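Chain IDs A, B, C and D follow the sequence of writing; residue 1 opens each chain.
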Amino acid sequence: MSAVKPMRKIFSARFLSVGLGVFIAVSLLTGAAPQKAQAAETLKIGVVLFLSGAAAGPFGIPARNGVETLIAAINGGKIPAPYNTKGMAGAQIEAVYIDESGGATKQVTEFRNLVQRQKVDVVVGYISSGNCIAVAPVADELKMLTVIPICGTPRLFEDASYKYVFRTISDSITDSVGAAHYIKEKFPNARTIAGINPNYAWGQDSWRDFHLAFKLMNPDSEIVTEQFPKLFAGTFTSEISVLLRKKPDVIHSSLWGADLESFVNQAAARGLNKRSKIILTIGEANMFRLGAKMPDGIIISARGPYGVLARQTPLNDWFRAAYQDLFTAPPVYPSYMTAQAMLGLKIAYDKASQARGGGMPSTEEVVKAFEYLKYEAFGITIDMAYGNGHQAFTGTAYGQFKFDKSTGTATFTDIMWFDPECVNAPKGMKGAAWIKGGMKGAKCG
Amino acid sequence: MLTLIAILLDGLIFASWIFIVAVGLTLIFGVMRILNIAHGSLYAFGAYVAAWLVGQYLSAGYAPMGSFAVLLLSAIIVGVPMGFIMERGLLRFMYGRDEVIMVLVTYAVFLILEDAIMLIWGTDAYFAFEPYSLLGNTEIEALVFSNYDLAMIALALVVGALLWWGLNHTRVGKYLQVVIHDRELAQALGINVTRVFTITFMVGAVLGALGGAFTAPQISVTPGMGVEVIVLAFAVVVIGGMGSFPGAVVGAVLVGIIRAAAVHLLPQLELFIIYAVMALVLVFRPQGLFGQAEARKI
Amino acid sequence: MRGMLSKTEIGLFVALAVLLLAKLILPEWAVTLGTVALARGLVVLGLLILWRTGLISFGQALFFGTGGYTVGLLRVYGGLTDIFVLTLLAFLFAGLLAYLLGLLISRYREIFFAMLCLAFSMMLYGVLVKTEVLGSTDGFNVVGLTLFGFPIEGNTLQTVNYFWMCLLACAMSILVHRYLSSTMGHLSPAIRDNEIRVEYLGVSVQRTINVKFVIAGALAGGGGAITAIAVGHVDPDAMVYWLISGEFVFVTIFAGTGSVAAPFLGSVIFELLRTYAFEYMPLLWQLTMGTVLLIVIVFLPNGLWSLVQRGPRKG
Amino acid sequence: MALLHADNLSKSFGSVIAADRIEVSIEEHEVIGVIGANGAGKTTFVNMVTGYLKPSSGRIFYQGRDITPLSPRDITRLGICRSFQVPQVFTSLSAFDNLMIALGVAQKGMFHLLRPLRRKELIDAADAILARYDIAEYRDQPAGLLPQGVRKLLDIAMAMVHDPNLVLLDEPTSGVSVHEKYGIMDVVMAALKELGITVLFVEHDMDIVERYAKRVLAFYEGAIISDGDPDTVLKDDQVRRFVIGEEPQATRPQTAGATHA
């Protein structure tokens, strides 16, 4: 301990206790001091995405890049017409980034901090279902416009309704029903199915909805095993052995993080993809990272028609180029999702501003403009038709992975698009109940 | 029958992996009475360095088989300096403090290293998948096993044998055993306990990194990968008996087989079962299967 | 001596007054943060009792989570809405669970005690994650609460909950302080020192530890309840996972065990540090927390409280 | 009726026999010295009577009641107290606090453990005890730093707060310098005599045994080989040979190290 003794003097009790008092006082007062009046030209957006941990690489970072691409373009007025006005309602955007890690309790307090201490005008974010469910009521309580770009749990708008919360994407029912349709169409002889899904609400819901929908379409089908490895598990040795042993026709998986990449590597090395058809309901973000390491023929979606599955439109072309310019990699679906949320926000602000004859609209005015908004995003039409106009109603797409060796790029074959009316419950009906009730009212093209 | 073979092999593969990590943990605990949470960080560092080095090595066009040597090398270049710095630079100023304080010191180091990983390697995943499929597969009826996984069993056996030999047939090993048995006696015998501590910590660190390095070719190496392994390795060590070498062997095999059996037969119990086994063992044998109960002299 | 207030108790009442008055100048975000910090301080207060006995629990989130889920489940499935009733029931249930587990756990010491607590907390975690009616990993929201039959929400709820937490913090500190001054409280260092002597004084060490375990568990349950009310949500990752238990141990050592006020002070500073680290260093907040912890352990072996404490330690 | 009766008490650790069919009765107000070489079974006997060890066979009766299955704390509560070869004190606490805790737990009443410890009556009682055992000057020193003799006295003083009927002192003067021994024994014996307590003490020093004991038990290899007044026992041939070691060493090998609990 002798080496540290001189240091002790510096850290003398008095010195530190004064420091302690100053720290508490300053930290409380910086928040307590009245914030300088918000300049009319800036709009402060709090962005909450996974910046650390296992979800950051495949999800959080591309999602943040999507936000950044749009902020740069909106501030510079660079999005193609009709969105080529500068700023949102004329205001330049300033973003504050917060890590989504630490659990829902932490995130709720951080949400309050964003609103009450940092005085943001809008919050965009939340990937994890647990976090978005926890934050939504607080957003309503604090009257804070909150746009959720990614989180997929159906419970968000099925179990409650919110005034200030918007989700610019369909819930996970869409993925599961779309997956069942794709198998039915492309592999009509598939009878035995197995699941390997992460052991948390997302994985459990995804698997349940998929196998219920599949059973409905193929009444003589059979589930051979349901594996639920721990979220972000690294090795799947035993799970793959079970899947090899049971030889299912189809293996369904809603893995999405680094664990998906580990699973694909181990499954491919042991030839699992040659025995069974593997369907990854949200494998697109990992696809580019894996490249040639992803075996051909695996069925993949992007939680909707995003990324390579997105239809080619001028707006989509622009987005791909703008993103690629900034980040040298192609945008993946989390990038698309945050980008379309930002775009929706801009449209709502501009519309609200117009409605009041120019100037910065109030939050309530933006909310009104956002409700039931229908807009053309990057290769997809977003129709805020669900949840009293707060939740998007979109279709999905599935395709089979093919690595193009000549160009070194990941592509798809046999792409199928599914209309929103085909893969979603009718308005006002809970997704799970709809599937259990025989998916009545579905309109598939 | 096939199920049985699958459970056995899967269990042994899992056991081999967790044994390599846990034996380092139990060694450090046995000798130094430190429950090293930063062991998980060493595991992660081993994986990162291995993934990065293997990538470099292969893109330079050297013989693919040499990548196994690169994995081994990664463990050493992570474990030796990091173990040395952690023990010499930090832990030795803390000796004599309460065991729980020592746990917290390593917890603080763990927090620091978690972010250090992101500073060094960023948040993107690293892949070093090539070595995993280099050795081909073995087919047993419907089952296909990667020979790399089977080689992990061999690696664990080699590590175990080397450690056993090192503990029983080298001077340092015998010193270690004396220190594990009775620290005061060791000092009375004139054993340089300080040096024994440093060596132990470095060996433990290399083992942690080795576990990570050889896991790297199987997985996508990302931040946060060290968290889970700590609790799992703790569970193995507690089941086997803290500080006991045979305990680590038996604990690892027990956990491996039981977990594999759960995955094959009752997948819904997977998350639950290891802790249930741990609680059961603690209830009936608090000191672990091979731990020694210490009675207080009056 | 009876009926009179000790110096510590007078100090606690002054602190209560300051905390209540602080509501007038505190920004809104700080009220919720303060409530959560004090609630976690309540958990740490329980760990302080155990730590003085030489025991540490790596699974205290088990009781924290039990408290939170008691509130959540009674609200959603039991239809109970009164925040006082819910909180008190959380104390009760967590204490009851601690009593049952304590029958077993109190036989263990040192790292075995810590690990057994961890094992039980991880088993609860495993059950919650797998159980859909308990919300799985998403947990569920705790909304629609009342106070004496009147619905409260938003700012009112936060304010009421903050006052309630301040009262609880003060009341529990005084009770724990009195407990620590009692014969049984003094048995803490005695058990830590020499259990054989304690047994030969005619006292059951195991039963004494179980009482302490129950107190610690009940306090953790109360903390969990207040947190659930303040946050409006419960889920296993935020309430039961082992990293949460790790944070409680972190704060226990960080704060020091010199006084029943230390856990609350330590907890408030911990939360402030973390929220600012989150804001200014979103990629380095773990590094910041780790460094601060190391500095405290190295330079302040008795925790932050040693800065507040002037002069020799009082018993 | 005897105060304490040991009926055919045996204890073995594996193949080592630490107590071999011990049969002894202790009457009230007796002062008994126990002698024997290391490993002869003295401490094992004390440990069995106070519940720390369970005998392999045989029973122990206290005031006619079978106390064999009871725990140390129950036996303590019945009025059998003991001191230890290595003093069992709370090393981090002061001598005064050691006594305070002992006094605190010895109080009667339903919730006495929850009453404040630092009450005037207890403080006075603790100070009185410190004075009676002549260690008041060490009042506020941590027990871990006390001289061995003081720690021994504190250990015995703590055993006495329960007002026991029977006290077993395990080597009250071991580890203490020769000239301190009589001082300690005088203080202790005076205090015990004042209360009329039955005493059994284990001792290696024959002079001390002769001076304080009214009856002597000699242990050899787990068995009592002689029992009677000091004169008789200490002059006994076998005792002289196997216990005191005056004759050439015993022909049979000693069984050592078995009695450590």
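One rule holds in what follows: a residue touches a chain if its C-beta (ideal position, glycine included) is under 8 Å from a C-beta of that chain, and two chains touch if they have at least 3 such contacts.
Values in this document were obtained by computation on a predicted structure and should not be read as measured data.
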Required minimum of steps from chain A to chain D, each step between chains that touch: 2
Chain closest to the middle [Cα centroid of all protein chains]: C
Farthest chain relative to chain C (centres taken as mean CA coordinates): D
Inter-centroid spacing, chain D versus chain C (mean Cα positions, whole Å): 44
Inter-chain centre distance, chain B versus chain D - centres from mean C-alpha coordinates, in Å: 49
Chain A-chain B separation of Cα centroids, rounded to whole Å: 35
Multi-partner residues of chain D (at least 2 other chains): 52, 88
Contacts with two or more other chains, residues of chain C listed in rising order: 129-130, 196, 283, 285-286, 298
Multi-partner residues of chain A (at least 2 other chains): 4, 51-52, 199, 228
Touching residues (chain side chain C, partner chain B) in the complex: 51, 56, 104, 107-108, 110-112, 114-116, 118-120, 122-123, 125-127, 129-130, 195-196, 242-243, 246, 249-250, 253, 283-287, 289-291, 293-294, 297-298, 301
Touch list for chain A against partner chain B, complex: 1, 3-4, 51-54, 56-58, 60-61, 199, 225-230, 232-235, 237-239, 241-242, 244-245, 247, 257-262, 265-266, 268-272, 289-290, 293
Touching residues on chain B, where the partner in the complex is chain A: 2-3, 6-7, 9-11, 13-14, 17, 93, 114-115, 118, 123-125, 127, 129, 132-133, 137, 142-146, 148-149, 215, 218-225, 228, 259-260, 263-264, 267-268, 270-271
Touching residues on chain B, where the partner in the complex is chain C: 35, 90, 93-94, 97, 99-101, 103-105, 107-112, 114-116, 118-119, 227, 231, 234-235, 238, 242, 268, 271-272, 275-276, 278-279, 282-283, 286-287, 296, 298
List of chain D residues in touch with chain C within their complex: 50, 52, 71-74, 76-77, 81-82, 88-93, 97, 100-102, 104-107, 112-120, 158-159, 161-162
